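For clarity, chains are labelled A, B and C in written order, and residue numbers in each chain start from 1.
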């Protein structure tokens, strides 16, 4: 047998598990299996959702003009990093008060299980704290990513990042606790399996408030016409979409929150199949619709159609049949095709289509729960949608106004025309090619 | 303990697995472990193979000229989405007739296991239907991706997508059932572990038929010379290759179809090691060969060499030793270097080298099974190769001719020169840089 | 039930595991579970670390000028492939002498477990050889990737690849065995959980030696000024960083080397959380520092800050609290911001910042072990750092000088100015856009 790291070094504290277990009446799979499998599920789903940060970055980097790409990259890696820190500092323990924090209380920093936790000291009916924390953390980062896309090409870096601090440390955790922390909306029977509302529409509302306060990009709406500002790299945007689709298997599949029984692992696989179907249906619907409406298929609509399909199925990816996932996702695709121009009519400038995809399709997905989950009813779903909307939109609006008053949130006209990369960061993303 | 989503909301139907199991004489790992682990294998391998859709898109997007990149992205996301829908609608139940469908019958839409399936109702000696469906679905999409690369830069969008509908809904499932559905080639002893023939050469034959009917790109073969049309983004093509390589661990590893025993999980790891070795050998071989033959290493050959190594080992990634994987993959690399110019001599224009990689190396890999798998014999392997070839090539040829007659499959000369992005879609992939 | 590949074809040698196990007193999870879970951990962590090869390629491809991108891609896919072959040929059995090889002996090629290994013949207290080999193999490739970044834009292809042959086949395995092969540094109590020293600083030392022998790029240091040579694609560099971050969950998490007990899987999740935190802290620190020092946040510093955070936590990702991971990673970020200009002052031209990230932060991470791991002491950590440094730096220096004398390691002046892509490979990476 090959000697390797832990066997020699003992660094990993493993010390021949078979022998160790044999000594004290080895616990069977029924006892420790669910804990091990669910912890693994969180780690695996967690790294998939983590990678969505790259997906958002590539999608947004592909859809902005080349003169703003460095800034968009900077915002995306910074927002993920800030979310990670804030969620540890206050978010996780605000959102999941559990049995030792008061409701709404800020519970302080996250504390992990001790190294090499003994089975007797672990929550065997659940999973390790580290895995759960990591899994929840990557969700909050997704919420912040939604905002960065909508407000691209004109918002200053630092006010945006301050918004992210508050969003990820307070706003998201507070409203998240209403449902996932066992709060009043959960008690009322509101259903949102993986976060069409809790994550996506929250990001969408924050983005909408920001887009209104910030105003459209210079020249976007001029003389009653909508001036297209095409994305600089559609290969990158497509890559970003595929990465997000990949990450969504973790986003929805991991939200099963258990993988140690026949029923749970089967449910995870059901969710995979449904999630994939909804995305496919959203993409195909947007493809056909743009062909019919505009006589030319529109790739950016197809990409957003796939994403809208994913957001639509996120509130209930388990209960629907594959056909259910198909039509729920397809309506997501329809929503994107019709609401992207609608926002333009309202002169709300959403650079990447984040509001149609995450807010409008998020609302739709939350409503669609009632068709397949008998525990859901339309009234409670609407109550949840409105509650998250009012709270997030108002809180965001107030915060954006404060930031605007205190430090300004928008770059100067000249800076915007030059592009944020050179004016704010002094660094082009594509110095060898770009003509701006 | 931290309260989280399912514990509070009950959304995931988990309800404390430990306690639930304890009530009725907890099933041991020997009973439910294989089902859980294999379902997990399919989910994990499935998301890896899903990501190959992004790999193909990036590889192809990098190897076409910048004026056709938006179209290539559109085709790739559309083909994956169509494959997902068609395989649900007819493909899966056509391919795996199993015990309730007649042979060759179209069995209707895929039906998943019920939510929270009980152990007593699950096929404990296998895995959940959702996981198996998802895993098989991403394979069929790979087949369609192979076609899109070869026919790039000149085929119209819609005829291509109609071809994908038939390929993924009927052609691939029908021929796939011959081997993996337990059909006549399986009964005859044909061996194809993960699809050198069933997936890759099938895609290659369909691409070859298309390339012949479609004809080469304008100006590709002129005055007896082969006019190089260099790819627009070799960084993207390299990324695509790495993503495909990554996905192949799922492609081959998942084809073990079981992970719940010591033998099975060891075999999965054997497959990982062999798959990696074959790719490495294919890449190094192409690197050295192009240095020797042309005095300059050729990156696109190295990328295709790695892919050819992967295709070559796909028919039997388990049985060979690491040295076996090395030389089988190396021959794949040799095949690519010598057959890419060969196709050019025949004036068959394969934009990305899909036919050498997937068809020629696929044939080689299927033959190579006989060296390490004693259940295989050369005659039966050739029978399988020819059967898949004749069926797929003829069916594809007929379909391409019908599409050509009915709606035309090729864009006009002017459109081709302008590029498909502006002429067909009205949207450039790199509007800030491209000079075409 | 649906019939699928293995059930029909028997190709996978599974043969209904439940029944097979039932016959001879089914082994429980306590007996075979750890083997299965740990093998799975290695496969999963292995494919994540494999993907780091793509991360390095994209990071480096984004940070070099467009005229050298094809070369950088070629080097990256070639170095990975060579590492895979060399590590099989000599590396693995040199590094892990175990119980059948003499110390330091070259043990010949790696031999995998037999197909379908029986539980009785497997090392049930560990994992399958294939999974362990694959996991260790991707580590050695990472070491080589570090070198390619630092020496970009001027080193010839073949001497670089010969260096990779020696590095991955001999140098890394020999020094690696000191710690992970159970050698003298392990006996002395040196602690390096996942390789801040064994992997990262080794790569850094080899790169430093190369950068010194090779000299800076033409025009980099002129008239006492440092001439910036901006990277050609910061979107790609950002993607590469995210991919590396993703891969690092496998790099550190997999180094737990066990996942089959409650304690082990919890530790893996602890490592995930800590690894993520260190990266986030490194990124935020570099962001704030560059804002304060230069008044403009520097994206490349933020990317390298994240990577430095990751390298810093790699020597001990398990023991620290989340706050520990935060400050250890943050200091990694500080190190990058201050040592990148320092190298420039010394006229050591490190194109991508590999030496600050992997060597300097690697040293820091190895020292930082003493703060949270009571088994570590500063003296032994310094002994390890110095031993690895002296051995690798001297051996590399000698090898670089030999290569320089025998075949030359640097392209000609004209070639360098033209760019390596056209002069050495005759193939531009972005032929449709690039102006060089």
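The rule is simple: a residue touches a chain if its C-beta (ideal position, glycine included) is under 8 Å from a C-beta of that chain, and two chains touch if they have at least 3 such contacts.
From a predicted model like this one, the values you see are computed outputs, not experimental measurements.
**Student:** Chain A and chain C are the same sequence; what rotation (0 to 180°, nearest 5) superposes their CA atoms?
**Tutor:** In short, 120 degrees.
**Student:** Which is it for copies chain B and chain C: same residues on both faces, with over half shared, or different residues?
**Tutor:** Different: fewer than half of the residue numbers at the chain B-chain C interface appear in both copies.
**Student:** How many angstrom lie between the centres of chain B and chain C, each centre taken as the mean Cα position?
**Tutor:** The mean C-alpha positions of chain B and chain C differ by 29 Å.
**Student:** Any chance you could list the residues of chain A touching two or more other chains?
**Tutor:** In chain A, the residues touching two or more other chains are 28-29, 33, 44, 124, 129, 233, 239, 430, 433.
**Student:** Inside the complex, what are the residues of chain A that reach chain B?
**Tutor:** The touching residues are 28-31, 33-34, 37, 44, 48, 65-67, 96-99, 123-126, 129, 132, 136, 179-182, 186, 191, 193, 230-235, 238-239, 241-243, 245-246, 249, 253, 255-273, 276-277, 279-281, 283-284, 287, 296-300, 302-303, 306, 318-319, 321-323, 326, 430, 433-436.
**Student:** Provide the residue numbers of chain B that touch chain A in the complex, in ascending order.
**Tutor:** 1-9, 11-14, 16-22, 26-29, 32-33, 35-36, 39-40, 42-44, 46-47, 50-51, 53-54, 57-58, 61-62, 69-70, 73-74, 76-78, 80-82, 84-85, 88, 109-113, 115-119, 122, 124, 127-131, 133-134, 137, 157, 233, 236, 239, 424-433
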